[in-house]
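Only one structure is covered here, and it is reproduced in the block below.
Letters are used for the chains, namely A, B, C, D and E, taken in the order the chains are written, and counting of residues starts over at 1 for each.
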């Protein structure tokens, strides 16, 4: 077999310096560089998608935190027939103010200063600002004051640089009087028809209540189930079934959980529609498998030698778990929980199924109150035609992303801080 | 005592008004609700479910877990009234809050054209005059129409706007064919199938109970046509414009005067049995009626005020709360 | 039982603290220990030697039922502690393990402070009624384990921050702290350097008066140095058990001789 | 350089194919190879022996720059192939590795067919101009690796389906297929049974005429059997390098003697 | 005593029981220093007594919470004030509820004047029954507590018993997963069965016309052919999204694991992960607001006049972006699982890095990558918000990515928001679609997990 005649390789040792070979190698290196560049491009492209998305959202949304205002001189004594400040203090302040007819007062003040057409300039809910101002400082009703009230949405949009012709005209007319102020309404109000009046507080509160319920249910159940499966479960058909169920639940599309919530919580149990309670329950079912899986991984990462050590000095299996395994696995469990909660916080589809998309103008005060949540609010606003909603939607997205990124950052921090390798 | 347990002795009451129903009335109801909440009342809970869906919920019974008010973009049907009665909802107050027209609209930057009920019918019916609908482009319907694909975003079958569309436009178009018209007496089912059924091959797109969505889709697809309540047209004149039907543009005056073919009244239905139980229910209805006046804020939002005599009647009705007998419905 | 076999069971005098009779251990279908009978005496160090995989660890873990933690492991035969069958239904495993302490091959301190490492056992068993008493137990155990001097100023440092040899002594101190009667050690020095090993051997030497100690080792020199009795295992069987000096100088079985002289293993 | 040291570099006659001078290798701050200078000759088998962790593999991997794949590894000193510095900037690593082939401790055939395993190298280097030529190279390499007879009917089976010894021979055939000048083998038999080992040794014996072969081994008998020259490493240093028979019968250094006689390691 | 007060009372009494149990155990613990004589630590005896004391009382509390309100209402109704109540049940119920709220201090002012008159009877009845409830609960706690306390003996295996209870709690927690799965399955099956009693499954699964109608009219049910939906789902989720996600995800993973400097990797990996953390509603908004119009303008400018703003492409591309980190982390894992010996073997042959990756690593990691892609597909087809906001509603069967298609999830949302009549096939169709989606994603997952597991085992 060492017969040279039959081997083409033997007689002529490879000429590595030959021209053909050198060319070939050049080509191979070129392809190497190309491949590497493609890889880099893929990453840069993926990252720039993210950057682009964030820039678009922040670019649009940042305007949502400001509003355009016009000054309005209100001569309260004249318009109210000299109301007394003392009426608007204390327990009955709210009721008394309502009876004052603030809407008419402001309407009249607008007519005086800006003519009969003036009310077109102001946001329909502008008078509520005045009401709030008086509630805060009842002395106002005894004097002449200048209030800065939000303008009508079209004008607001136009003043921020993207308006229709009609609105532009008004802007040139009142340009010197218009000013920009921080939109406190946006942080304090709930849903509304007028984009100048909308706020995220209602949705945010709904989100917080929903998340609270989710956490309350999913965390203990998830952790206990993880403990059972990892530490105690005998290996048999039933525990396999549990295991398969959990793995599959983690992969079930979220909308299916919405169908479950609708069919079971609403139709069978008759829980109230649109309530944070049902939302929390539904999301808890969705989050629990995530917590179980991450919990099991964290528990698995606790070295068996620790368990042996504890068992070896006479700790009972329960003591081993609660004294050693659980504390050591806790950072990992918490990381998984935060990630699961972040997912739940951003979830929309299942909540649509259980009616958390109603128009709700006041923040919820309890778990059974009708509520909506941030992502659903974003979804609802995104459907609005009024251009004023574009910036509000993006602004709400910024708030949501801030929450989510904070949660993720905490999770990453926890993971790095407590990442112990034994 | 048992009865008290069963019927809400424990279920109890609620402090906020619950409203369901028409997506056409929804924005008006929203505005009224906001106003209502702003003057010191608990904010009502509103859900836009479409007229038919709203009626279902409304008629499900009396009690805290059923809505107090159903908005409707058409009158309650006798069958729905029966359904209500069956479930114990016997005292229903009907209030006409104003008028709306179903607007056929397109984006401002689309190719401008006008339509007749006949053309609309032939373009979107499942079986125009009994034959399968083969049209793909508007020009297939009528050569005078532009050469663009038929793509109509419209309301779903549960919606009042859809009922208005079939009754006020499609049926009118359908009846232009004598043979089909004759069918009405001989074979009502067949007649309904021919005149009311909307095509399902993608040319007519059921956009759900969300008229805003249709406006958005029109903005994005200038070659599409949308069908929705006039108020949405009025609110979005910077992006969409109405298509003249039979030569009449959908304008306030045309609809108010009845010269526009697609005009129809809007209603709200209130459970009288809930008055005095749900705080503020009657006040809300009064507010609604007042807001629908010629200079009320609903008109600014695109509602067309009812004629004065009807308004007077409704102001009275909000006060005295007469209940429906069922005989006035069909 | 033949004569030869019988002679294996009890090596030398002294009261048997633990006895085992005809112990078989199975992992699933595989038999890891075959019919082993041995007595372990107080105030003695018993060494288990034998080639890798012969079942030394398996047998050792029978003595405090640590095998219970392996689902597929099954133990038959009789094992007694002070005459009570430790596999009897009414035997409480937790208590058994407190009485029969264990030290593992790889030092495994808890990731807690040195103090808490030692105090853990006394705490769960309620051996101390107050802080002072606990302090005393901790100091005592550390002293006996020869670690007190090295750690007395850093009792609140983590146990895992110690060196390997210190960690192993910490583990021994931890075992001592619950005041066991028997201490099982599974190759306690195999992860340690020679100096640390010497310290541990010295420690075993010092504490053996109070406990029955059983030690598994690969290192025959170590067995010869620390133990009074030696058992030689081979393929799950107990080949020979006797006084250490006899085993090393004058083994009765050929296999033992072969192993000791390095013929195989 | 002292005399003794110099004598270490080149063991015996023959033209040096590769030379190394004062090679140091660092992993991060840790020095794994200290000032090693060695010549490797054609048509010779050079064996590297030494206790575990002494740096044999590290040094071997310097010879075809496989250390480049470890980010923290840093090599200084001079290593030449046919007189060209292989760490020079203009040295092409891809070519170098084709010329200096390597066989690893654990057989690592690609999860491809036997044919594709062998053809892999010739394909990427463009050594065959057509299908027939490639077939020929494959057959040739397998024949030289003594595997042809066993696999000629199943060339399309996966390489991972072979037995361990066959896999290792496949890896050798794969290395041969690119027609290298030097073949490095890092404990090629340590994962194999004695029969497979014998086959590999026989194979080395057969092919050594064409290549310079360097083999790392733990097994001193193997070094004695297959190599003509042996280098003994200890703690990263080259203790002794010379003709194999001299090293084994008459080592100059005490450490070498101790190692060879099994005093430690 | 209100329910929550009663709850805290019971817990408080349980605490006392704990102390007593523990104290008793301590006494003999001190006396008998012989360890083998006392089985469990005093703490466990405490827990034993406390559990006995609390558990039956809590069961009682649960039952009482359901029964006592009706007892109270009955009592209140038997008072003379109740005679003025209207007969109408809702008004009546509402007045009672209000009276109850005022009596309980949850409400200050009566909206209905009649309520005020009922407050006093309510208050009386409430305090009467609360007293009864409180006493009963306390008695229960006491009785069972004493029973358990008497059983505290040195040899009593309190620890074992307490641990058994704990174990049952753990087992119960893990059963919830099964209950949920069964719940999902049953609710889908149940509603789907109703649907299929109205619409033939054959028509549903193989029909090509999707135009669901609400009323089951005499004209029969047509318009429930879901093939266009399935096609749209596959087109967007499994084709377009994957065309975006697979190359980008795979190449990102390759670059990060094989080429990138470790510090670059440390930064880039979390950044890519953020892509996965952005809520889907945000992607949907981004797709609808930015991507879709841009793609439409582009399509029109190259002469595709039929381009729709809710194109399959817009939804698919954005979904693909969302999936990138998913694919890349799966690919990352699979490549990392290839033994480095493989890589070394190839490099030692003189292969360049890219040749090694393309010819050795990727083929070796292929099963893992494929499994990962299957998981990604299952995620993509179950994704809802992006398609709801950016994909169309028109059930087209087109392969033109610039036209609009609709998906299963879009239609589920469409069918179930707004009006819901659970006797109409239109509403129930959503559940049938959900069932299909559930089964398909389940199968995909099972297959993918199996593939990945097999692959992992191959290299272990």
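Operating definition for what follows: a contact is a pair of C-beta atoms (placed from the backbone, for glycine too) under 8 Å apart; a residue touches a chain by one contact, two chains touch by 3 or more.
Because the structure is predicted, anything quoted here is derived from the model rather than measured.
With one step meaning two chains touch, work out the least steps from subunit C to subunit D.
Steps on the shortest route: 2.
A-D or C-E: which has the larger count of contacting C-beta pairs?
A-D
Farthest chain from subunit E, going by mean C-alpha coordinates, please.
D
Mind having a look at which chain is the central one, using mean CA positions?
Chain nearest the centroid of all protein C-alpha atoms: E.
Roughly how many whole angstrom separate the Cα centroids of subunit A and subunit C?
Computed value for the inter-centroid distance: 57 Å.
What whole-number Å value describes the gap between the mean CA coordinates of subunit B and subunit E?
Inter-chain centre distance comes to 36 Å.
Please compute the C-alpha centroid of subunit B, do the same for subunit C, then give the distance between them in whole Å.
Centre-to-centre distance between subunit B and subunit C: 86 Å.
Where in subunit E do residues touch two or more of the other chains?
Answer for subunit E, listing residues that touch two or more other chains: 159, 352, 355, 417.
Indicate the residues of subunit A shared as contacts by at least two other chains.
Within subunit A, the residues that touch at least two other chains are 28-29, 316, 357.
Give me the residue numbers in subunit D that touch at least two other chains, ranges are fine.
Where subunit D meets two or more other chains at a single residue, that happens at 94-95, 98-99, 124-125, 178.
Which of the chains are touching one another, listed as pairs?
Touching chain pairs, listed by label, are A-B, A-C, A-D, A-E, B-E, C-E, D-E.
Once bound in the complex, which stretches of subunit B touch subunit E?
The touching residues are 1, 3-13, 15, 23, 48-50, 52-54, 56-57, 62-64, 149, 151, 153, 156-158, 189, 193, 198-202, 205-210, 217, 220-221, 223, 273-274, 276-279.
Can you tell me which positions in subunit B touch subunit A when the two form their complex?
16, 26-27, 30-31, 33-34, 37-40, 42-48, 65, 210, 212-213, 215-216, 219, 232, 235-236, 238-239, 297, 301
Help me check something: in the complex, which residues belonging to subunit E touch subunit C?
29-30, 35-36, 39, 41-42, 157, 159-160
In their shared complex, at which residues does subunit C touch subunit A?
Going by the criterion above, the answer is residues 64, 66, 69, 71, 93-99, 101-104, 106, 108-111, 120-121, 124-125, 171, 174-175, 177-178.
Show me the residue ranges of subunit E that touch subunit B in the complex, using the header's touch definition.
It is residues 69-70, 73-74, 77-78, 88-98, 100-101, 111-112, 209-211, 213-215, 218-219, 222-223, 292-293, 296, 305-306, 308-310, 392-396, 414, 417-421, 426 of subunit E that touch subunit B.
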